[in-house]
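Take this structure, written in structure tokens, and hold onto it; I'll ask about it next.
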């Protein structure tokens, strides 16, 4: 390299280092390690393999082999999740000690406990996808290929951590699913059984959304807040809508606001824009455009 | 681990195993192996390298070396696809025997036969992208970076398997492209030459859609069904629109229904919501919003 | 293989080879190598690790170790970027010689020079995300998980190459971010500080867009061209809108045209469709749909 | 490439292809697939992890988790070994049918059955290494680092396949260990408990060797045949020595011949060259060299 | 699987689990983690890259970039080694606490301190190899390809840990080099400058060996103990020979015993077998064999 | 890190950097890149796959597919080898220009030309192994597992580069084989057809050795120089023995000296130490040791 390059180079290194030092998010953090994104993605993959045996790995199970497979995968999920939960809790609290370790272990045992129940709920989601899409062909296809199922599966897992106040990890999980599917479900949302999102790209489901059973969404549906001008002051406030049982919301519809309730058995037409409650059994649709 | 953990652990293993046993999608399947998603993605990658030599690998070809490269890649695609097609057919039919193997081989030879023709059509798609996007710069850029081209390329490949009734694989292919691009083209759609999707995120093209030559779509366009309430009863029924030649559909437009025909040379404006046919040479647009 | 297969096989190889020979994009190119997409993605990853130390790697830095880390990563970025820039320039110019090599080196030094400044701007983007999203929790979460931040980070890097007329690479970078986030920001756009895109799937920001400081976009927003009918004739022409400071644009809004200016401090409601300028401090919204 | 290169290239391709066609080991084989060396190495690795839990993986086992770990690893070994044994048997017999598949399965079940016993014997080998080497420090070190233990462990596994007449695989296994350790133990040798090879490089133990309990070898020891002039005619004939219990053989000693018996409790000195039997409790050594 | 297989399977799992429980080396260990062999091999690789910049990586260094490279690699070695040393110490002591962590850190700082000195000594080893082998061609070749240099390089690193009483790791390091080169140098040996081992396969250098400056060994040389019958009672006792300065030992020679001293400037001929001291400036050789 | 650590750290970095600057092998080299060891190992692997189709890859070839496979592998070997040969030549000459590039290309074409002939010779080596080892079972086993065949195969390839004066690469190749097999054949040796090395660990064949047809060696055989005291002055001088046709040399035998000729049809017994010529048809053996 030339002399000139060398001078540049050393100056740039100094400037970046100096950025690091000035910004509390970098070297000035409390010296505690952050959770590891790659490791969390691995946990999602393991979780998927325990949830859908025979679909995403090469294992060949029968009644004899199944419990060994389950036990081994479960132990693996437990070990890896425990490490990440401990990192997340320690970072949040600014301290790493045995009580945090203990808390992480208890959270993970509690999480494992929910897996059989989650699995049963996901089977209802698969049923809903199969019943709701003429192009599905069979349920195996749904497990293999449906982005809606994938996003909901990850959400259901992340939600269990969210309600136990695990920091960072639920969001890393759902954003990973968002990245793969274009479906952004906040881990805080509460969602009932038989839930199906068709196509799904562009769907947004906000943190304080409540969704009943048998709800079906199409691509581009937003269940959002009216305004986020309040910023961090709004944290924890119910600001996303409530969707009751048996509602279908077609593509591109937007439903906003924490007081907005879409009554049971309603159908919201494509591209509808709704900021007020809709009574049960209502059909809402927009008019066709003018031709010119 | 503590005694308490151990008891929990064994119970959870039993519950999950018991879920496996009760649910016919898992251990109670017909013991036949499903196709392998990773392997199918590898086939897409190989296919891309044969389609666009010099763009996604490190090979340096000239007239002498090209046929060896093609032969070798083709043999590789054939070998791997044959295995997956055989798995898919066997699973669907519930039996794995020599006649299935034979059928898989014939399907794959038929598929290989189409590759030179597909390649020529994709060259028209590249031309359409270059002509249609002022930001393109050159055609190489289109091959390298355009998600619309990628999604269409995968669709054209998957479509050849779809029309030959290969189960699972076409959908796994197009959903993989969907995951990478946000563009969801069902492998059943019929699409003409010089097809271009710009930006593309959120585009949905349903299973029974028909699209002519020289059609251009923007992001967020839905070519969908009016309602999917009929579920599996609608399988095979024409339920998505027909788009004739030389139509442009701007971003966010929604066109629904199996009887809906967008006549040739029409332009559909952004965010338009259409559920009835439009005559040829029509411009459709929505009014600007009120200001308040 | 059967005799019949063999005949087919050799014919297919010949047809594909003959496609290669006829099409100037393949063997008939000027024999110069194209940039390597995988290598460019690696550069983005390295860049992210220098930008956000401690978040995406396993390094544990303090004041002593930081400069070595920075120097080493910077040298790596420089080495790899130089190779790719040289390939891109050579390909564009149709010649590979020492003057191109020299130009590539100068471009890369100029690029390195901007890194400390870019890093400071990205810290404003993080602040904007934290302030703007009640669900954020903390800034670390934003760095880890927010697709909007990721897309903007990649854009800011690519933009520095775009304005220095480096071919191919800026687009490969932003399309990679597009693929991961559903957010499509053309590297040519000019974007101010404190920029935040929430959720983000489906956002499109065109090549000649100008955006001021403190602007916030939601998912599905298009900042596009009125028509691209002109194709390559429009290359370089201002055809995308201008958004002034402190504007918020809600989900699904579409703003088109090179003469369209959204005045400072305005708020554009969800699904709005705008093709004309809006004065400062204006609120634009669409009416709720009819119920039926 | 130049015209001249092209001509060369095509001719070379033809010559090599023609070598393939002429030589029965290549294309003219019976079209059956050979076992896969990489897969066999993976089986060795899995086997090592079941044999020495906690040493070569990251698993953390306790009484609760251990059986799941064992079951899962065992199932994995069974699945992979079955495939390889079936390939090996089919290739040898020139036919691939259900009876071969059945035979492979039975062989693998029989093999699994021996694992607990093999494990107990290997624990005696570890004890022998620890007792025999003042530099060992502890038994964990022996498991981690001793090439002698590694070679014996692989031999004990391969021997179980050898005695069941599985072709190819035993030799691939022991040659893999040979490659890593320089210790060449033919899978056909019969070796007792508490066997220890110190340092080990250059040790050769021939196919028809018999070794008692508590035997210790040092580097460079050959237990070989007097002459192999007979070639394949000697296949199956006892042509390597017998070493009785409690014998120590120091480095570089050579013991040859199928009739040669080293009596129990003997010590063979370094570099000794022996082609006749040695009575029990004998010490054999060579004289020191002359100085000049 | 058949019923019969299932019964076998569960019994085998139980037997292996029961082996685990009975044997204190497995589940009954003190629950502390062992060092990780793969991680230690990575440290060796990093160490090699800092020792021989430009030979085993793709870095391109000059005076400006070199310190960043060194600092970064050094920090990496420090981080990884610290973890492994802490594991090794904890395991040995049966306890993992802050004092062990502290000790590990101090050991690693002490180790880093020696690196510049070790590097200078290794440069003398390279010189010796170049001077001693007519086939060397140049010193770069020695660095790249000579197994003798590799084994000595790893030994010199491991020795620094050995003399600081780090358990497990020195042996894992030298056995890794043994596996790659066939040269087994115990980390406890004390070896002077300008040391060269030519070809090297089969060389054994015992734990209490002392070697002066300018010594040259050929393949198959053993510097060993007279007898290891004493087993662990001999731990720590000087039981391997002393080789003074400027000695050459030709291939296959064996020198045994802790009291055996090979005087300075001596030459030991091939295959010599020596168990007594040799005065300085002596040539020892064996007679040619009889012909018959 | 503590203040003390930081001071140490920076000093160590400076000392190592200063070692780099002082030593001409590092930063002060002529700025030319060295060949890449990993890349050369990849070439060996590719070469092995072209030499033994169907054994080390997953390809399934027949008469139709074989030429494509060969052409593709050959092109790959050519491309990669050309890069490495150019690096090696440039480094040696201290200049990188078009004439070096041209020379590299010509060398590589010449090398490719030899491949069909080398392949035929290696088939004789396989035959010799099969004929010479009663434990072989079949020729496939020899290809799969015999370290002697592997070392000879690599030697034959490296030799073609050695005789064309390619620096570095031949030695890197044969040392790689040495590392895997314990067999050290210098690429300069001249070796006839039907060559077989059984077991092989510890075999050394020096640079100026000449070996006729039908020669068989066992483990631990040295064909070496009498003394290497002359160091680099001996470069190029014939200093290793000549072995005529049909000679067998048993394990541990040492044959030294450039004037030493082992006459045709001789047999050299195990552990023999020979420094003078032996007439044809001679049997040489050493006496059995005394018993005491």
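For clarity, chains are labelled A, B, C, D, E and F in written order, and residue numbers in each chain start from 1.
The criterion applied here is as follows: a residue touches a chain if its C-beta (ideal position, glycine included) is under 8 Å from a C-beta of that chain, and two chains touch if they have at least 3 such contacts.
Just so we're clear, the structure is a prediction, and the values are computed from it rather than from any experiment.
Colleague: Could you tell me the least number of steps, going only between chains that touch, from chain C to chain F?
Modeller: So the least number of steps between the two chains is 1.
Colleague: Check B-D, C-F or C-E against A-D and flag the pair whose interface repeats it, over half of the contact pairs matching by residue number.
Modeller: C-E
Colleague: Average the CA atoms of each chain to get its centre, and name the chain whose centre is farthest from that of chain C.
Modeller: Looking at centroid distances, D is the chain farthest away.
Colleague: Give me the superposition rotation angle from chain D to chain F, based on Cα atoms, as a multiple of 5 degrees.
Modeller: Angle of rotation between the two copies: 120 degrees.
Colleague: Cα centroid separation between chain A and chain E, in whole Å?
Modeller: Using C-alpha averages as centres, the distance is 50 Å.
Colleague: Nearest whole angstrom, what separates the Cα centre of chain D from the Cα centre of chain E?
Modeller: 25
Colleague: Cα centroid separation between chain B and chain E, in whole Å?
Modeller: Using C-alpha averages as centres, the distance is 56 Å.
Colleague: Would you give the residues of chain D that are in contact with at least 2 other chains, written as numbers and ranges?
Modeller: In chain D, 5, 9, 13, 60, 62-63, 65, 67-68, 70-71, 74-75, 182, 201-202, 220, 252, 271, 286 touch at least two other chains.
Colleague: Once you've mapped the touching chain pairs, tell me: line, ring, star, complete or other?
Modeller: Graph shape, chains as nodes and touching pairs as edges: none of the named types, so other.
Colleague: In the complex, go through chain D and note every residue touching chain A.
Modeller: Going by the criterion above, the answer is residues 59-60, 65, 67-72, 74-75, 79.
Colleague: Write out the stretch or stretches of chain B touching chain C in their complex.
Modeller: Listed in rising order, the residues are 50, 52-56, 58, 60-63, 66-67, 70-71, 74-75, 105, 109, 112-113, 115-116, 119-120, 123, 126, 130-141, 143-147, 180-182, 198-199, 201-202, 218-220, 248, 251-252, 270-271, 286, 288-292.
Colleague: Taking the touch rule as given, give the residues of chain A at its contact with chain C in the complex, in rising order.
Modeller: Interface residues on the chain A side: 5, 8-9, 12-21, 23, 25-27, 29, 33-34, 36-37, 91, 167-168, 171-172, 175, 178-179, 182-184, 186, 188, 201-204, 206-207, 220, 222, 224-225, 228-237, 239, 252, 254, 256, 269, 271-276, 278, 282-287.
Colleague: Over in the complex, which chain C residues touch chain F? Could you list them?
Modeller: Contacts found on chain C: 1, 5-6, 9-10, 13, 62-65, 68.
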